[in-house]
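Here it is: the structure, laid out below.
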Amino acid sequence: MPDLSLINNLWVILAAILVFTMTVSVGLLEVGELGERFSNSFFKTILITCSALFLMAFVGFNTAFAPTIDGIIGNPLYNGIFLGGFSTNSSGILSGVWWSMTPQYFGTGLTTGTYFLFEAAFASVTLALVAVVALRKLKLEAFAAFTIVYFMLIWNLPAAWIWNPTGWLYLMVVRDFAGGLIVHGAAGAAGLGIVYKIWQEEKRRGLKESPTASFSINPGWLTLSILLLWVGWFGFNPGSVLAFNNEATVVVLTTFLAAASAFLSVMFFEYLIAKKNPGLLYAVNGILMGLIIITPLAGFVSPASAVILGLVGGPLYLAGERWLGRYKWFSDPVGLFPGHLLGGVFGIAMIAFFTQHAFAAASGNSNLPDGLLFGGGMAAVQQLGLEMFAVVVVLAVVFLISYVSIWLIGLLMHGITTDYKKEETTV
Amino acid sequence: MPDLSLINNLWVILAAILVFTMTVSVGLLEVGELGERFSNSFFKTILITCSALFLMAFVGFNTAFAPTIDGIIGNPLYNGIFLGGFSTNSSGILSGVWWSMTPQYFGTGLTTGTYFLFEAAFASVTLALVAVVALRKLKLEAFAAFTIVYFMLIWNLPAAWIWNPTGWLYLMVVRDFAGGLIVHGAAGAAGLGIVYKIWQEEKRRGLKESPTASFSINPGWLTLSILLLWVGWFGFNPGSVLAFNNEATVVVLTTFLAAASAFLSVMFFEYLIAKKNPGLLYAVNGILMGLIIITPLAGFVSPASAVILGLVGGPLYLAGERWLGRYKWFSDPVGLFPGHLLGGVFGIAMIAFFTQHAFAAASGNSNLPDGLLFGGGMAAVQQLGLEMFAVVVVLAVVFLISYVSIWLIGLLMHGITTDYKKEETTV
Amino acid sequence: MPDLSLINNLWVILAAILVFTMTVSVGLLEVGELGERFSNSFFKTILITCSALFLMAFVGFNTAFAPTIDGIIGNPLYNGIFLGGFSTNSSGILSGVWWSMTPQYFGTGLTTGTYFLFEAAFASVTLALVAVVALRKLKLEAFAAFTIVYFMLIWNLPAAWIWNPTGWLYLMVVRDFAGGLIVHGAAGAAGLGIVYKIWQEEKRRGLKESPTASFSINPGWLTLSILLLWVGWFGFNPGSVLAFNNEATVVVLTTFLAAASAFLSVMFFEYLIAKKNPGLLYAVNGILMGLIIITPLAGFVSPASAVILGLVGGPLYLAGERWLGRYKWFSDPVGLFPGHLLGGVFGIAMIAFFTQHAFAAASGNSNLPDGLLFGGGMAAVQQLGLEMFAVVVVLAVVFLISYVSIWLIGLLMHGITTDYKKEETTV
């Protein structure tokens, strides 16, 4: 393994372990916002972490990242089950690198071990975001069954389309730097699929509104969760360069400046509205909003653009929160829809406005044109169309498969929800 | 320092800081399982961490890792006290590397600073495991005295025998990748030595059973402890390659897959038994069991073997827990014996079954033959004998020295236990 | 970017993320010592973190680290606002490195992204230390206004003088390895400026003593805070070599040995005084004292010197705590003055005693002479004078600017304090 591959592997595997912590950190976030009564979120997020590792190794890494069948899905048998099984000579295990990291593709020299842990951690945290809507509502068995479909198919399809260099959307030059659509947008769509099924069962039980957990801030866990998620995003975005180079250090800047700017923006506007210290909950959501918005384009933009995107995030979050708060048929206690769905899709759209070709090329995306604000003209307009097309396709497909899967699971298990009385049987 | 040495040092020193966090994480684990009443575990584990750094620097690093005297113990004066003292030219301090990291031995180019922090962190966490049996029972003074013997002699002997390239067991080709015996097994043996002395004093005070702390789960600290230990093991096992190369990324796979598989296995079997959500305590112990089992052979096996070993860990843990729970003469509130002792020794035995020569060679253990399941034949049977011989020798010696040490301490201090009434005097 | 620059950047950017966590960890420390009633320290430290990132990027990184105007202050327009703004070709963004990291200066090849995150994190944690005196006393608006001055001017001047290779004190060969004066000492001086203004307002309201938060230990958060700060210091000191080389691994030794030694020293002397388990609070303060003392000279001394410095730290801390506890006109609940101010200045003075030229040269400070204890003679005496001169200048200037700033803010805002009744309006 030549030296550059070594340092790229070191960077990405360290990024991977940071992203790995984010799933349980989502559990800490739930408990931080809703109180220790909801501590089964810890169990839920540990379950998600282990399931992601096991099922992505079993076959999900192949369906997402093996050479695709017609651009649609990775060949599930490409590297055998469990990452080469007992082979001492499988792709990237002891000699050579994962195929898409060889010079004719991304060329960063990542081994199977490195790339697997990084992507399994991404898959894991995506389901953790989805599962905030399942809070104390889904039966353990139903959630476990959904997990199996999720890590073998649902998470994997958008990844195979956009992050796999043979995917059909990738070949159309759709780009999503670190998962504004593949992680945050798709999490929103899958969550909507589940929430809709929950609402159908709740209506059938005669409920007029979906029971929602009310806020009960636990300041310690909430603070720890945002600290861990913030540090996790240092792996999430800068690690998504899949190499350690100058641009990776630029992505550190764009990521952290967007977060700081969105925080200050939420503080400023909320202070104008409420005339008092906005408090920890808005602080946490401001940071998250900045991190979410910058995710799909952190590797394409300048630090000053990241500041602007972050500042815009403040009003966007406050508006989204008020607008979505009016719907009573779903419970979204920790803000999957106003944060991750809205912010992720907004960030994807901004690719066509803020991209500067030099940054995109340095993060390995040399096909991406300058954005509208940087003289991209018609190429940028076309990119906007492409990205919006990808948003519609991915959200629709993920919503549909998620809904159908959970509907089938409900059919087999006589409903996916309990009557919410036996808490030890839900996740 | 040539480039490969640089990246090896960077990897191992980062691994070291992760392992460093594990000692206090054991304190978090105790509080997570037994409740905040037991928060003096925090003090205890901080005391262990600082003592390990100080005493290993004083002389313990030499007794374990300096060139040995007849294969038995490292020369305590090899590099002076406190890692070369005031010398600017001592082994590995500013020029050159620690002797066993030079090309004629392991050849990975680690400096004294890197290797010391890594191994001091290992010693530290081993005593943290031992000390779970001391919970609120040992006098502070008795524990402090034991600590001195522990970091200068007890931890150091097995390390000098098996991890030091001039140790007598190393030369017989006994191997223990990251401490199934040296850490987990030996911790169990030392713990047994202390627990036996505690029981003698308790009997003398007329007790019929050893008072045991009952479970009082604190979900937040328990979750944080397993998250930190999990991430710590990313340093513990992959760092034990003592270099950053392809095999280090394979060890990441084997470690994380074993943990995930053991978790799922414990969940599955406990769910079959109890027909409900097994909850956080089984989740945590499942992950730990997988991590413990894979530790002695993480660098010798394939990812699929790691999955099998993890799956076996579930029933093994559940059986061990029920079997050892019948003994009333010792208190083992957080599972030193069913987890670390049983799991560590089981993992050591599995070396002779699951090793694949190509992986072992890539982690620097080219003398290790294929295991029985991979055509190792008589060589594997011989390896099994060797490993079991090492288990018996190490457990016996560590138990004996620990018992004799704590007995002498008890003699000097009029007993090692208090009557458990003045809590501020115990650790 | 050549290979050595790559590994230097990787080391320092990882160090940066560790230092980044330390600001919120100071919030955890406050809550750990004073109880969950004071959980607005979490909000305060998040606010500090985001403000540091935003304001240092806006212009503060330039005023501290751009080429200075006459050695006094960095050129605020050197690299534009927000680290080059929208430029794809600014200093160090995509090609080349930050000017002071080029071969004619420090030569370690750090990019703007790497160096910025590292130094912004330093600035952030410095204000977190200052702000422990503001606990629940300063109005949010007053604190926010102070923050703006702080990150554009107050933190930046000493950094421009001593850490910037064109600074006037740097050119006089004043050295401060990782911030004994620039961080800890200056934090004490700025804190004194604020505390004095608070006391003026409290006297005017008729108070005879400054209301102080009493200790209410929360063992979990206190333990977590010291664990995170300890690990953060692994970034703080070893990262301050600004390169990854043999000396960086020596700094790991000196840092961790000083901490362990100071802990054991505080334990020993406090046990002699109180004849019981000293408990968690002394444990935490012992570790901190060791870390603070070694900070200004961690890269200049041998491991054995670090042990001695740590052991001295115990009595120094216990004396400082008793001596400063007699003053009732300021509230210093978590020990800014006996810990950071006293320890930092003590460490600065020790440079002239314990420095060994070979270590200093290896950390990039080849102009520093041997200390008095290592035959430095008159050169060491002169160094002592220089360092003490720098201490006086920096503490006086930082105190004055801080006091004047907060006084002006008080003038504009009708006082910087509330009557302490409406807690939601203070930080």
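Each chain carries a letter (A, B and C) given by its place in the written order, and its residues are counted from 1.
In this text, a contact is a pair of C-beta atoms (placed from the backbone, for glycine too) under 8 Å apart; a residue touches a chain by one contact, two chains touch by 3 or more.
For clarity, every value in this text was computed on a predicted model and none was experimentally measured.
> Between chain B and chain A, is it the same set of residue numbers doing the touching on each side, over half shared, or a different set?
Mostly different residues: under half of the interface numbers shared.
> For the two copies chain A and chain C, what rotation in degrees overlays their C-alpha atoms? Round to the nearest 5.
The rotation relating chain A to chain C comes to 120 degrees.
> Indicate the whole-number Å distance between the mean C-alpha point of chain A and the mean C-alpha point of chain B.
Chain centres of chain A and chain B, defined by C-alpha means, are spaced 36 Å apart.
> Which residues belonging to chain A are in contact with no fewer than two other chains?
Counting only residues that touch two or more other chains, chain A contributes 3, 7, 10, 14, 220, 224.
> Would you mind writing out the residues of chain B in touch with chain A in their complex?
So the residues of chain B in touch with chain A come to 3-4, 7, 10-11, 14, 219-220, 222-224, 226-227, 231, 234, 244-253, 256-257, 259-261, 263-264, 267, 276-277, 279-280, 283-284, 287, 302-305, 307, 356, 358-359, 362, 374.
> Which chain A residues qualify as touching chain B in the complex?
Listed in rising order, the residues are 1, 3, 6-7, 9-10, 13-14, 17, 20-21, 24, 27-28, 31, 36, 39-40, 42-43, 46-47, 49-51, 53-54, 57, 81-89, 93-95, 111-114, 116-117, 140, 220-221, 224, 424-427.
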